[in-house]
Each structure stands twice: as structure tokens, then as C-alpha cells.
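Across the two complexes that follow, chain A remains constant while its partner is chain B and subsequently chain C.
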Partner chain A sequence: MHAVLIEPFTVPFMRRALAELLLLALLGGVVSVFVLVRRLGFVADTTTHTVFPGVVIGHLSAGAAGVLPGALVAAAVTAVLLTLLTRSGLVTDDTALAVLLAGMFGLGVVLVSRRPSFTSDLTAFLFGRLLAVTTAQLWQTAAVAAVVLGVLGLLRKELWLRAFDPVTSAAMGYRAWLLDLLLNVSVALVVVAAAQSVGTILVIALLVVPAAAGRLLSSRPLVITLTGVAAAALAGYGGLAVSYRASVTYGIPLASGATVVLVLIGLYVLALLWSSLSSRLEGVRGGA
Partner chain B sequence: MLDVAFHRALIEAALVGTAAGLLGVQVVLRRLAFFTMAMTHATFPGVVVAAVAGVSLYIGGAATALIAALAVAGLSRRHDTGTATAVALAAGFAAGVALLSAQQGFAKDLTAYLVGSVLTVTRQDLAVAAGVTAVVAAVLAAGGRVLTFTAFDRDGARAAGLPVAAVDAAVLLLVAAVVVTAVPAAGTILTVALVVSPAGTARLWTDRIGPMTAVAVAVAVGGATGGLLLSRAWDVAAGGAVSLTVAACFGVSLLAAPPLRSWACRLQPQGACSVSRTATPSANPPSS
Partner chain C sequence: MAEPALLVDRATVAYGGTAVLRDVSVEVCDGQTVALVGPNGAGKSTLIRAVLGLVPVAAGAVTVLGRSPAAARRDVAYVPQADTLDPRFPISAAQVVLMGRYRRAGWLRRPGRADRAAAAEALAAVGLADRARARFGTLSGGQRQRVLLARAIAQQPRLLLLDEPFNGVDSVSQDALLVAIGALRRRGTAAVISTHDLRLAHLACDHACLLNGRVYGVGPVARVLTPDLLHAAYTGRAA
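Then we have the complex of A and B:
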């Protein structure tokens, strides 16, 4: 037990990876609740792809220091284009998202394909380098988490009203587009913060699955949030431990980010089983 | 300058473009863009397992695509369709990456999967693409009226005795078939680009299904072959170049189509035409 659960984290790089994942679990667990109630799953997935050209341009022009600003600019461009496209009423939002996703990702691929280190660059972006997380990146993530959680915490009532009663929200004078933009920017910030370390593949899972699992167990926002954060944190810890054990003991180089997602999906499936079991039991009791 | 591999790539692009353009109109009208995206990612683990086991990549891809489609349908009972789709997408992609990471040559294979390797298509690939394109064309020709009816007026279609659920399932199966065919050659993102962007472009120019389908096929085939030629001329990744070409068609149409259409409208006698906005059915969950 000790060898599986404790020993991997005696190594410094594993401890940094765990710290990053726990920070992202807190961030993702909270933001995913808003993604769930506003149905932003496809928006989150699109953002994970559209920051790619920004990362590439940033990297080409200013090296590693350019990655974060590049990603931020691309995320902002996405949010603006998306708002313009959907408000024009000419296309449905899912078509707009898919075109934006494919077009911007295509731009990134075209730019990066001219570089000799094409495949390894693309892989690093998509899967991150979780085990190479630096202390500076940890602080970056912590700063993003503080900003996003602070804003969402302050505006949670307004965002909630916008989600469940848009008419009242508008009547009370809240600007819908501003609240929407704010939430889209929050999602984009999570993507940007996480893309460098855990890669885009983990981000989409982190932005959707925690709250979806929580929702299976409860309909109370606080319980959903806490369950989601706990599930994401547990998955981060368990996934790292499993991938470490697999590569050190068994010589199978399991990608750590993907393993974390699989553990998270496993927890989601447990929640699914639990909820269908308890509703069936209730049905039996109700029928008796 | 044109060698055998490039000739084959052009034929594959034209075939996949035809299938994607034909089916894309249904995808756009039925709001299945995110489902298509999820399918491209869900074929991933199947493709990896098939490659390791030495069986046809199409069989492996089709198997996991089917599982993912069933998962989306099942989970849609517990969540909104977007969340259900996102969970299936994250699970499929993570499973694929974890499986692939346990193999050698991780980065290179993954890049091929994401951006395609259209220059390595074989005669069998061409035969499969031709077969699937023929099936899609046949189904659309035989059932076009039923497809349109069920997409726009579900209650009316039910009252008229049409098997709405079966028609929905058939459309989803066609989407899965096109994705499975296109992904090995075109990659995941390019597949989404070829299915959604040309149909989205066509939607901007006309409200009628027939002309819309014709424009979509023309844009998809033209974009796919043109993008390939551009990628060769400028030495950039083929998948990215095609994505960008069809996205550019969409962008130009977005700016040009509305003014041109209202100008054409004014030339008609009073009341003879109207330019409508987003004439699409309401959200259409694959589960129903």
C-alpha cells in the first residue's frame, strides 16, 4: 500500500506534478459546475483547440516566454469571434464552434508543420509535460486559480440567475453578454493555465467530468461542487500513482495525463452506478 | 511532379470530401457538430487496439465509435446531450492516448492520428472511401424527404407514422461511418472541418436542402483537393491546409452571403423571397 500510494510522491518532480493537479482539481471542479449548468461542454472543447495557434505563434516569436501571452490572445480572439458569430444569428452556435475549432487548429498545425520538431511540439502541447512542471508554473496556476475562483465566487448569484432564469436576470438589468463573456474567459483561463502542464486532453475532462459526476449524486450546487473537486483531486492523485507504478515497476510508459483522466472517468462511472442503484432501490421502496 | 501517392491522396480527398459534404448538411441541420467531434475522438482507442492486434483499422474504429454512440445515447438520459457527448469524448480520447503511450513511437503515431496521413493511403483505403460515399449518397437519395421531415418537425413526423427514433439512429450511424472512414487518412480535426465547415458555408447561401447539399459537396471537394495542392506548394501539413481552406470559404461566405442574398432578393417581385436566419430544428438529442 505504502509503495503504491506514498512512495511515488517522495520524488520532487512527482510532488510538483501532484501539487499542479490538486490546484487544477480545485479550479476545474468549480468551473465545471458553471460549464454544466450553462451547457458549455462544446465551448470548452473548442477553446482547448483554438488556443493552439496562439501557443505556436507565441513560441515562434518569443520562445517559452511567449506561450502564455500567445495563448491568452488566442483565447480572447476565440471568445470575441464566438460571440460575434452566434449573435449574428446566421449560423447555429454548434456549427460556429466546429468551424472555429477546425479553422484555428488548422492554422496552428500549418504553422507548426514548418518546424523540424513538428511532432514532438504538437505532442507536448496536446499532452503537456506534467512531470516537467516547474515551480514557476505552479505559481502561475495558483494565480489563475485565485483570479478565476475570486471572480466566480463574487458573481456566483448573478451567473446562477443568468443560467436558470435569464428573463428575470435581464429584467434586473444584468447584461447577459457580459456574464457570458466573463464565463467564457474563465473557461479560457483554465485552458491556458492547464495546457502547458497537463495538455489540452486533460483540460476538457477536467472542465466537464467533475460536475457531471457530482450532478449524478446530488442536485445541490454546493454538494456538486464539493463532490466534483474531490473527484478531480482523487483522480489526480490516483492517476499519478498508477502511471508511476506502471512505468517504474512494470515498464509500461502510461501517459500520466491520460491515466488521470481514465481514473476520473472511472469515478464518474462509479457515481453513475451508485445513482442508478439508489434510484432503483427507491423505486422498489416506493412500490412496496 | 504528381506521383502515385499524391494522386491517391487527391482521389481520397475527393471521395471523403463528397461523403462529408453530403452528410454535413444533415449534421448542421440536426446540430450534430459536437457529436461528430466526439466520434472522431472515440474512434481513437479502437484504431490503436486494431493497429496493435493487426486487424483493419476501420473495424477497430467502428467498434469504439459504436460504443461511444451508445454511451452518448445512454448518458443523455442523465445529462444534457452536450455534457454526455463531452464525457464520451474525454473518455475515448484518454483511453486512446493511454493505450498509445504504452507503445513505441508515441509522438509520431499520435500526430498522424490527429492531422492525418493522407499521403499514405492505399488502394484499400480508396475502396472503403468509395463504398462509404456510395452508401451515404444512396441513403440521402432514397430518404432525403424523410430526413428533412424528421429533422424539422418531429411531432409531425411521428404523427405521420415515420419511425423518428430509427431515422435519428440511422443518421448517427452514417456520421460514425463517415468519421471512421475519414479519420485514418484525414485525421480527427480535418474530418470535423470537412463535415461541418462546407455545410455551414452552404447554409449561408441557401435555405433549400438540395442546393445546400450541392454547394456543400462542391466546397468540401474543392477545399480538400485545393488544400492538398496548397499544402504541397507551400510544404505545410496537408490536414491543416485543408482545414484552413474550408474555414476560409466559410469566413468569406459569412461576410459576402447576407448582403448578396438580400440584394438578389430585392430584384425579385414583392414577397417572392425572404432571407431567413438559422432555419434549424430545435436541439435534437441523439438519444430520442
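Then we have the complex of A and C:
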């Protein structure tokens, strides 16, 4: 047990990976609750694909140091575009999102394909390098987490009302575009924070699954949030431990980021089973 | 005499170039309850949205408490149809009612003890004090409608706008809604209630405005909801 759960984290790069995942768990756990109640799953997925070309352009122009600025610019552009597109009503939301997603993703791939190290670069941009997380990256993630959690914490009642009853929210004088923009920026910032470690694609799991699992177990916002954060943290810890043990002891190389995502999905399935079991038990009791 | 709570003066409201409401005039004074009666698509919801400042008025004027609709929002409460809200949303009845206090609490601040007390009192006023902790979506349609009215009561508005509050509502909840609306009227709150249920329009309101793209009649309920005027409004012919 010790060999699986404790020993992997005596290695510095594993400790940094764990710290990064715990920060992302906190961030993703909280943001996913808003993604859930606003039904922004597809919007979040679009953002994961649009930040990708920003990462590529940043890397092409300034190397590793350019990744964060590139991702930030792409995230800001995406958040503004999404807010404008979904408000204009010119095209249906789904169409606008699909066009944006495919267009930006294609742009990213075209840009990467011009490099000789095409395949390995693409892998790194899409799936991150979790075990290569630096202390500087940890600080970046912590800074993003502080900003996003601060904004969402301060505006949670306004965002909650907007999600539950948009017409009354507007009737009370809350500006829908401002609340939407802040939430879209928050989602985009999570993608930015996770771009180098988990990658721009797998981060969708962190933006959707934690709260979805929490919602299966409770209908109280605080419990959903805490359960979501706990599930994501547990997945980060468990996924890292399993992938480390598999590669070091058994020589089976498991991609650590993807293993974390699979553990998170596993926890979601457990929550799903638990919720269907308990509702069935309730049905039996109610019917008796 | 004091200015009316709501003054709609020859207002025209258009959606995407087509006029939904043309030349509408209606006045609502403090303590008056006006039924907005008309068939589906008559523009009842549009008129309510214009009063909330959510759709622009193309011609004429809408004045709320002597101000523009946007400037009067703090004193206006809106009650949507309960079935337009997601029943799976993770929120309790008490939390829904507390939303009525958000503007008073202000941006960034949490509602305080006084807000919670006002919310509890409002929930009691619609007869649902014992369901405070129940999830909104687990309540019956009528109970959900009462929770939404409680939220509006917690806002302590001077003008209350209700969009089809009696639709699909059981008789117990209808009575509870009527009692709560009556209590508000005695406190001097002005109210506009859109409905196509004539019996409830008679029970809940003292005045009526018969609408179908334009006004077919406005005044005391008994003088407006007559067979002739109703027939004209529902068939859309000139009266």
C-alpha cells in the first residue's frame, strides 16, 4: 500500500505534478458547478479547442515562455467571441460553437504541422506534460486559481440567479452579458492553467465531470462543490500513483494525465451507480 | 393626485421589425390589480417585458413610478411562469425566495439576517413555511408558483408583474396565490396579472385590460370582460 500511495510522491517531479493537480482540482471542481448549472459543457469544450492555437502560436514565436501568453490571448478572444455570438442570435448557439471549435482547432493543427517535430509537439500541446511541471508553472496555476475563485466567490449569487432564472435576473437589472463574459473568461482561464500540465483537450474532464458527479449525490450547491473538488483531487492523486507504479514497477507506460482523467471518469461512474441504486431502493420503499 | 404606479401611453413594441403591440395605453394606480387578458400571442408577455425594460418601446412611452422602466427596477418585481424554470436545478425553496433580496444586499455582498427573515416571512405569506428546505423542483407546479410569488414579495415591490401565474395550478395553490395577492393589494402594491382564465381575472383583479396586438378594452373588470369585447379581442376583429 505504502509503495503505491506514498512512495511515488517522494520524487520531486511527482510532488510537483500532484500539487498542480490538486490546484486544478480545486479550480475545476468549483468552475464545473457553474458549467453544470449554466449547461456550458459544449461552450467549455469549444474553449478547450480554441486555446490550442494560442498555445501553438505562443510556442512558435517565443518557445516555452510564449505558451502562457499565447494561451491567455486565445482564451480572452474566445471568451469575448462566445459572449458575442451567443448573444447576437445570428446563428444558433450550437452552430456558432461548432464553427469556432473546428476552425480554431484546425488552425492550431495547421500551424503545428509546419514544424519538423510535428507529432511530439502536437502530443505535448494537446495532452500536456504533467510530469514536467515546473515550480514556475505551479505559481501560474495558483495565481489563476486565486483570480477565478475570487471572482466566482464574489459573484456567486448573481451567477446563480442568472443560471436559474435569466429573465428575472435581467428584470432585476443584472447585466447578462457581463455575467456571461466573466463566466466564459473563468472557464477559459481554467483551460489556460491546465494547458501545459493536463493539456488543452483533457481539461474538459475537469470542467464537466466533478460537478456532474457531485450532482448525482446531492442537490445542495455546497455539497456538490465539495464533492466535485474531492473527486477531482482524489482522481489526481490516484491517477498519478497508478501511472507511476505501472511504469516504474511493471514497465507499462501509462500517460499520467490521461490516467487521471480515467480515474475521474471511474469516480463519476461510481456516483452514477450509487445514485441509480439509491433511487431504486427509494422506489422499492415507496412502493411497498 | 399621486402619479400612477404604471403608465403606458400609446406604446408600440416591435420585435425584429414587426409590431407586436400597437398604440397600447393602460394605467395602474397604487393598490390596483389589473388583469391582462388575451389569447396566446396577444402580446401580454411582451407588454410585461416592456414594463421591465427588457424590450424597447418603439413609439409612445412606458413610465413606471414616474421613471423609465430601467430606472424603476428596484421597485418592480416580476413573477415568471414556474414551468419555464428547470426543475432539476439544485436550489431549495428558501434559496429561491432569498433571491428576491439580492438587489437589497447589493453586488458582492451576502444576504444578511434581515434578508433571511424577510424571505422566511414571504414564504409564510404564501403558506409554504414548512417547505423551505425542499428542493424547488420537487414541489408541485402550484407550489413552485407560490415560491416565485414569495420571492417577489421578499423584494417589497411597489409594482408587481405576474406572467400567467394560474396556468396549470391546482385549486389549493390558486387560493393561496389569491390570498397573497390580496394581502399585497391591501398594502398598496400595484399589480398586473396576465391570464386567460376569466374566472380568476374576476377573482384576483378589479380592473382589466383586454389585449390582442392592441387594446380592445380597459377599465373595471365587469365593463371590459364582456362577451362582445371578448369575442372581438379573441377573433381579432375591429370592435
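Note that in this section the second predicted complex is superposed on the first by the 287 of 288 C-alpha atoms of A that agree within 3 Å, B and C clash if a C-alpha of one lies under 4 Å from a C-alpha of the other, contacts with A are read in each partner's own complex, and residues count from 1 in each chain.
The definition used in the following text is that a contact is a pair of C-beta atoms (placed from the backbone, for glycine too) under 8 Å apart; a residue touches a chain by one contact, two chains touch by 3 or more.
Values in this document were obtained by computation on a predicted structure and should not be read as measured data.
*Asks:* If you count the residues of chain A that each partner touches, which comes out higher, chain B or chain C?
*Replies:* Larger number of chain A residues touched: B.
*Asks:* A:V110 contacts which: chain B (first), chain C (second), both, neither?
*Replies:* Only chain B; A:V110 stays clear of chain C.
*Asks:* Touching A:L101 in the superposition: chain B (first), chain C (second), both, neither?
*Replies:* first
*Asks:* Which partner chains sit in contact with A:L159 here, chain B, chain C, both or neither? Use first/second/both/neither.
*Replies:* The answer is neither, since A:L159 touches no partner chain.
*Asks:* Looking at the overlay, does A:M172 come into contact with chain B only (first), chain C only (second), both, or neither?
*Replies:* second
*Asks:* Quick check on the superposed pair: does A:A232 touch chain B, chain C, both, or neither? Answer first, second, both or neither.
*Replies:* Neither partner.
*Asks:* Is A:R215 touching anything from chain B or chain C once the two structures are fitted on A? First, second, both or neither.
*Replies:* both
*Asks:* So chain A touches chain B in one structure and chain C in the other; where do those two contact lists coincide?
*Replies:* 215
*Asks:* For the complex, give me every residue of chain A touching chain C.
*Replies:* 37, 154-155, 157-158, 160-161, 163-165, 167-168, 170-173, 215, 218-221, 224
*Asks:* Help me check something: in the complex, which residues belonging to chain A touch chain B?
*Replies:* Counting only chain A, the residues touching chain B are 36, 39-42, 44-45, 49, 85, 88-92, 94-99, 101-110, 112-114, 118-120, 122-123, 126-127, 201-202, 204-205, 208-209, 212, 215-216, 252-255, 257-259, 261-262, 265, 268, 272, 275.
*Asks:* Quick check: in the complex, which residue numbers of chain B touch chain A?
*Replies:* Against chain A, chain B makes touches at 28, 31-34, 36-37, 75, 78-80, 82-83, 85-87, 89-91, 93-95, 97-98, 100-102, 106-108, 110-111, 114-115, 189-190, 192-193, 196-197, 199-200, 203-204, 235-237, 239-244, 246-248, 250-251, 254, 257-258, 277-278, 280.
*Asks:* In the complex of these two chains, what residues of chain C are touching chain A?
*Replies:* For this pair, the touching residues of chain C are 49, 52-54, 70, 73-74, 76, 78, 80, 84-86, 89-92, 96, 99, 102-103, 105, 107-108, 110-111, 135, 137, 151.
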